[in-house]
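Inspection log for the structure reproduced underneath, given as structure tokens.
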Amino acid sequence: MNTDDSPLISIRPDPEREQRKGVPEVIFGETKEPSDIIEMAEGLLRGSGRAIISRVRPEALAALQTAFQAYTLRVREAARMVVIYRPDYVRRSTGGHVGVISAGTSDIPVADEAALIAEEMGCHVTRIYDVGVAGLHRLMEPLRDLLADGVDAIVVAAGMDGALPSVVAGLVPVPVIGLPTSIGYGMGGKGVAALLSMLQTCAPGLSVVNIDNGVGAGITAALIANRVAQARAR
Amino acid sequence: MNTDDSPLISIRPDPEREQRKGVPEVIFGETKEPSDIIEMAEGLLRGSGRAIISRVRPEALAALQTAFQAYTLRVREAARMVVIYRPDYVRRSTGGHVGVISAGTSDIPVADEAALIAEEMGCHVTRIYDVGVAGLHRLMEPLRDLLADGVDAIVVAAGMDGALPSVVAGLVPVPVIGLPTSIGYGMGGKGVAALLSMLQTCAPGLSVVNIDNGVGAGITAALIANRVAQARAR
Amino acid sequence: MNTDDSPLISIRPDPEREQRKGVPEVIFGETKEPSDIIEMAEGLLRGSGRAIISRVRPEALAALQTAFQAYTLRVREAARMVVIYRPDYVRRSTGGHVGVISAGTSDIPVADEAALIAEEMGCHVTRIYDVGVAGLHRLMEPLRDLLADGVDAIVVAAGMDGALPSVVAGLVPVPVIGLPTSIGYGMGGKGVAALLSMLQTCAPGLSVVNIDNGVGAGITAALIANRVAQARAR
Amino acid sequence: MNTDDSPLISIRPDPEREQRKGVPEVIFGETKEPSDIIEMAEGLLRGSGRAIISRVRPEALAALQTAFQAYTLRVREAARMVVIYRPDYVRRSTGGHVGVISAGTSDIPVADEAALIAEEMGCHVTRIYDVGVAGLHRLMEPLRDLLADGVDAIVVAAGMDGALPSVVAGLVPVPVIGLPTSIGYGMGGKGVAALLSMLQTCAPGLSVVNIDNGVGAGITAALIANRVAQARAR
Amino acid sequence: MNTDDSPLISIRPDPEREQRKGVPEVIFGETKEPSDIIEMAEGLLRGSGRAIISRVRPEALAALQTAFQAYTLRVREAARMVVIYRPDYVRRSTGGHVGVISAGTSDIPVADEAALIAEEMGCHVTRIYDVGVAGLHRLMEPLRDLLADGVDAIVVAAGMDGALPSVVAGLVPVPVIGLPTSIGYGMGGKGVAALLSMLQTCAPGLSVVNIDNGVGAGITAALIANRVAQARAR
Amino acid sequence: MNTDDSPLISIRPDPEREQRKGVPEVIFGETKEPSDIIEMAEGLLRGSGRAIISRVRPEALAALQTAFQAYTLRVREAARMVVIYRPDYVRRSTGGHVGVISAGTSDIPVADEAALIAEEMGCHVTRIYDVGVAGLHRLMEPLRDLLADGVDAIVVAAGMDGALPSVVAGLVPVPVIGLPTSIGYGMGGKGVAALLSMLQTCAPGLSVVNIDNGVGAGITAALIANRVAQARAR
Amino acid sequence: MNTDDSPLISIRPDPEREQRKGVPEVIFGETKEPSDIIEMAEGLLRGSGRAIISRVRPEALAALQTAFQAYTLRVREAARMVVIYRPDYVRRSTGGHVGVISAGTSDIPVADEAALIAEEMGCHVTRIYDVGVAGLHRLMEPLRDLLADGVDAIVVAAGMDGALPSVVAGLVPVPVIGLPTSIGYGMGGKGVAALLSMLQTCAPGLSVVNIDNGVGAGITAALIANRVAQARAR
Amino acid sequence: MNTDDSPLISIRPDPEREQRKGVPEVIFGETKEPSDIIEMAEGLLRGSGRAIISRVRPEALAALQTAFQAYTLRVREAARMVVIYRPDYVRRSTGGHVGVISAGTSDIPVADEAALIAEEMGCHVTRIYDVGVAGLHRLMEPLRDLLADGVDAIVVAAGMDGALPSVVAGLVPVPVIGLPTSIGYGMGGKGVAALLSMLQTCAPGLSVVNIDNGVGAGITAALIANRVAQARAR
């Protein structure tokens, strides 16, 4: 009898994608084995000289630290992100400027994901955290400074009522990316109310990404900022 | 053959309810025939000397104006509410003070429902309308005045992103009743995002009623204000 | 290469909030590390002389008991709440009176959250528990006593069918706060049917908070009661 | 060219169904043309001597009255039901006893559907209408009478919060069929909250049918009552 | 300082309920500590001489077996139900006859819950299990036998597509109670599709209970059967 | 000032699609103006000699009959479909055999959509209509005949409980396409329960299309049947 | 008696908003009376010299054409948008370049809303319409041209399966704004599936707005393009 | 007292089903004890000589390997499937050809389920994996090869945005079965967006199965392919 498996054609990762899109490949660590992450990271290090891994579980972090002792590691534990650099890697600085604002303490890990990927895309990032809706009057000053510093795009992370992105987008003349986080409970919990509230915003210039998609929000903001920076540079 | 209908026991409207609850009966006009509304209004006028009708359709309004020419009518068309008073009726003034704030122009009919029922329950009502989330900084002054005037409870009506009630509840030391309106479209539309965002509020002291339930929000606010006023009066 | 993190501006907790809102800060323990809770509690104790922590996990409870041996601790385990008092702290008594009613045994932890926060806001609290819808006729007497004692606001906690708050609000002349609990299974489970049923209530004077938000319900009730008490005191 | 339609095999209405099931065929009028309803009614009149039509639109009602002048018509307009009897038809009386209770005025059409189909199945039906949750204490007496009269099954119709069926099922020792109606608005509106609340009931002996399914509720109640009556008759 | 807990009024379990409703009290074991279950069981044993516990967890089962060695225990492990009888307890036999049919093997625990509670209410129960929709033609014979044996009510348990209750209700002249089980995956999983399909049934005489509510389905069926049996007995 | 519209590049209909896919273009009439439909139909008639229009509104039907008097029209009014043939058009006959089964009378328009498109794709179509779940035993004979006639694929249309496709797929050895229709009301109405029940089917070999997508179901069935017929023809 | 309405404080439209945000005010016409639209338009014309109205109903269009005969009107009927210019108004040209791509013919009105607002914000707009997912291979060439022309941001409108924005975002190095349209039927209809699919995108650099929010998508794209153009201009 | 269990009639597995349907029985391992799986597998081995088990948990895999040492085992761990063959078993080869395409790495286990069951039904299977929507242009070549090899039906597995099946169905002239996988997060996660997007497809010839139902998709594809192969063989 014949139990051989059927033929398999695998369309391998697209080598030209980072260049075509201007966005680095990000390894999503949550559902992958440490050995798979290491193998994929090695491939990226051979290519671009850098490997970015998101949602790294503790056991994978330990494995990465052991496997890449000869490399430089950048670890932001709260955000569960790790970046590995080949010793000769030099991160470019584009001149783009991204702001990342978060509503509550629990939104920080997701906000930090956005900040870190924007930094890795060469942007200067300013973070303004722990801005509750209750303390809005105290947001005004840092926001004014941010605009004075010529910020190109702002990511606003919020869970629960998701009100902060609408408030910020009502005040600033730059594109705002709403980043709902899975903070919340009961009806509309796990970020659902936050996302819906952002989709229903009355403020112009607010677009959104899915719940907890810090990487996606950071990439969009950095794409905008880098395009502006490129124009400035000419 | 026998086609007689089965026996019917009807538990009539509860005559002691207004007295027991401290809340007037409100006739919900939307799904009733003009003749039914008139009959019910006549009953209430015989009893308490006043009939309040919400969600009055245009044809019913005309019928009411014809039927009750000998009475005083209070008509607030945008809110689709009508109050009919027996000539000898004197509306009591309790000394309670209710604030009603609305986010957008489209929220006014529902906000006005809340304001009118609170007035009919004897409260002094202050309305602050057209407060967009974008114009929050300009809300501060009227809000300060409202508190200085000793407001007892505040209703905040908002559709779309539903952010305003959370913002107000973060600033004031009185109970706030969130009143979501059915303004909104697409995902989370018809007031769903607004309601969910209010349920997920980070601000303490905010409770909510169902979408477009202006009468319910006004009754709750007036119950609170009247209880405070009663204590003040002692 | 440069891997320094981006600049971070943290808008620290709002020191004037408790005074401005008349509501104590509550540390939400569920998603925080014991060390973080202890640090935040120390800050609150330095300030107001009291720290309230909700949703305390067992390991955090042990850590708190060790860390604050020199303080007075009030622990209500079923409700997973802990209050820590500086030895010199004297809880004020406002004269406000709050009732807390619960439908089933499983609703007690959430109901107790509401009761405890209202007590900490200085209210006198009467609890009536284990009132099934089936035993409604036996609720009448304690409810009459509660009204005779001059209760200012009533929280009614219920999961499953969520019918009790509507029944109570149909009988009493004081504001009722519906508190749905996450008790329930299958379609409409986890408190969804209870919340929806309360939002659809036919009874006037019922407003609601989100599922399991005992703290929020208690704060709203206490805000009402304290305002009435303040008026009485004048 | 050939555009003949494909062959069609139609499995005709099941002639033995009424006898097999003990339930009369009901023509659902809402989505049918008057001419189709007349044709189907003629078929049923030829067979069993009676045609029951539910959800009759006004234009169909007029057409039926014209077409069946030689017959006896039973019309219950609010419930939009019509029954046509062949002159020689004698409705059997089974001795089964069904109770139909409704919460609000708006629930009556659906409740009446249940009452009428139970009558057509030969049951004695007692209707108790306009029982608000707020007036529960006044329901006790008629309910006691109903049980004393030996009611076999009770249908309880309710929209909005859907609390009444749970309350009734907590009090009576007979099977209760919860009949949610599409009365309600906003979140949980159109009968959704009512249905979910009934599914989550804490009271034993309550089963439910879909929203506005008055015919289904009446059939189930009559099936039960007729089975009991049959046993009694032996 | 004063940290005494607020006064607590507990409306104790309703001692007359079993007699008033004709339905035994059932202790829901899933969310209760073994010690609580034992205490409640002792109370019931003192009263009626029998304690029924559903959703018993393994650790609770062991504790019950230890605590009640002097009593007779009836354990149906798959259904996670335990019944404890005082030595002198004699279960009455009412003469009512209930059928319980299940679609798949995974539906058996929930179906058995229904069967067992009906037995404890004194009914004779016939179980027909593992009837797939694919094998419908083979259901005919046992169904015919069931009707010949004079079954009074039938519970049909099904998860997944939930088609079986509609099929059975289309064939039999007795009331059918649809019992959706939480078997299923993906869209409409966890019993949602099964419940919705039953609510939408085209077959007359089918009412439903919530997902996995075996106890509720069994009680309703037994209430019907016992009422019929009582009539037969006269 | 300049108000010229921005440049517009329109990627015109794909001329090779019918040939590439083996599926004719279908004009969706519901949301189109009669003049637009006529223009698009003329284009198709010039190309393939045939134009198929689905969801034709009455006013469009009249316009088409006027505009295409010189052509042969095939009109199936209940299904709201029209096919226009150039006089010289000869519909090919592929030898594929498709069965179309429908549960209720209200499902026929959608079932007929499936039948008609399969016929236009050259298949022989057998329709078996009005098969209620209650009359399953009478479905057996026509189903046996269908299989004996060598049917290649079967479409089963059902609304309400959506049980029929699962029943059929449990009996036949050919692929079944479940076609949920928007018949149904209340919870799970508008075809939702039917679709979910089909997705949860226990029967192997059943795949589904979206609610009311008769055209899609017919195309899939015809693609299968034509492929089989092609193989037979070799 | 006193029926005077309560005092009303209206926080008028924010005169500095257009300048602060860089986004023109847009009058949402759908829910407004023609007279209200005219009044609001007059206000805007006095201020900025231009009034933009979206979702204009036919009767309002006629009223606007009559009222503003002395002005220049730009009407794009399919998109239901009207722009009114004061004779001396000169629309600025920013040098920003926005692309607008739509999947199907039915998506054009919403796509045109986005195009028109971007034009009014001074952008050069290129529209590529009627790109089906089936014809993806033919999208390549116009997309390459668009990038060669230096497009700064791309709006991609799609209903039904919502697949096109993900496909485009996978190919281009500029920010893409996904614009779901309410085209679709059955499960996931009215744009829900399209929006969810965009939120779940695998392609980097895609953010979204709510269903049918063409104005919001166009504003976000123009904000990006104008910021880039401003940098270029320096 | 009598606690005997009620009589139980078990309608045993349908021995003629595999022959009647042309589809092998598959044991769903996820919710079964290893001992139950072994017993069921022994039954199937005695009958057809082969046992297929899906969703095998690690502990069950070990137990199967121990229990069936004398048999040939085919284990595909990622897909969690095991096939056990009696030593004399010869798998038939039908000549049918099925293609299985997957979008991302995480979709492979579910795609492999489909591939393996199709192989066990005698088909030749070609697998094309890791086709991202971003790399669509590189899919063209293997797809062209697949069609040239005479593929009869194609399964396309995708999670997240679920766009790939629509893209493939737009290009090929064979039936496509969309297989949504539970990959995805936030709003529309766990495969919901993928399933809805497939149901809303614009491409003709795409039908779907439920989320993660790899076995169902593979069976449908193989039923089609085998029917074609059978015709070819004649």
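Letters A, B, C, D, E, F, G and H name the chains as they come in the text, with residue numbers starting at 1 for each one.
The rule is simple: contacts are C-beta pairs under 8 Å (C-beta built on N, C-alpha and C of every residue); 3 or more make two chains touch, one makes a residue touch a chain.
These numbers were taken from a predicted model, which means no experiment stands behind them.
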{"item": "Minimum number of chain-to-chain contact steps, chain A to chain F", "value": "2"}
{"item": "Both-way neighbours, i.e. chains that touch chain F and touch chain C", "value": "D, E"}
{"item": "Duplicate of the F-G contact set - from D-E, A-B or B-G, the pair where over half of the pairs recur", "value": "B-G"}
{"item": "Length of the line joining the C-alpha centres of chain D and chain H, rounded to whole Å", "value": "45"}
{"item": "Distance from the mean Cα position of chain H to that of chain F, given in whole angstrom", "value": "27"}
{"item": "For chain C paired with chain E, centre-to-centre distance based on mean C-alpha positions, whole Å", "value": "36"}
{"item": "Per-residue multi-chain contacts in chain F, two or more chains", "value": "21, 132, 134-135, 170-171, 185-188, 192, 195, 199-201, 210"}
{"item": "Inter-chain touch pairs (all)", "value": "A-B, A-C, A-G, A-H, B-C, B-D, B-G, C-D, C-E, D-E, D-F, E-F, E-H, F-G, F-H, G-H"}
{"item": "Chain E contact footprint on chain H (complex, rising order)", "value": "1-3, 5-14, 17, 21, 31, 180, 182, 191-192, 195, 210-213"}
{"item": "Residues of chain D touching chain B in the complex", "value": "72, 74, 76, 83, 85, 89-91, 100, 106, 115, 119, 124-132, 134-135, 138-139, 142, 185-188"}
{"item": "Contact set on chain A toward chain B in their complex", "value": "103-104, 132-137, 140, 159-163, 166-167, 170-171, 184-189, 192-203"}
{"item": "Touch list for chain E against partner chain D, complex", "value": "20-23, 152-153, 170-175, 177, 195, 199-201, 204-210, 215-217, 219-220, 223-224, 227-229, 231-232, 234"}
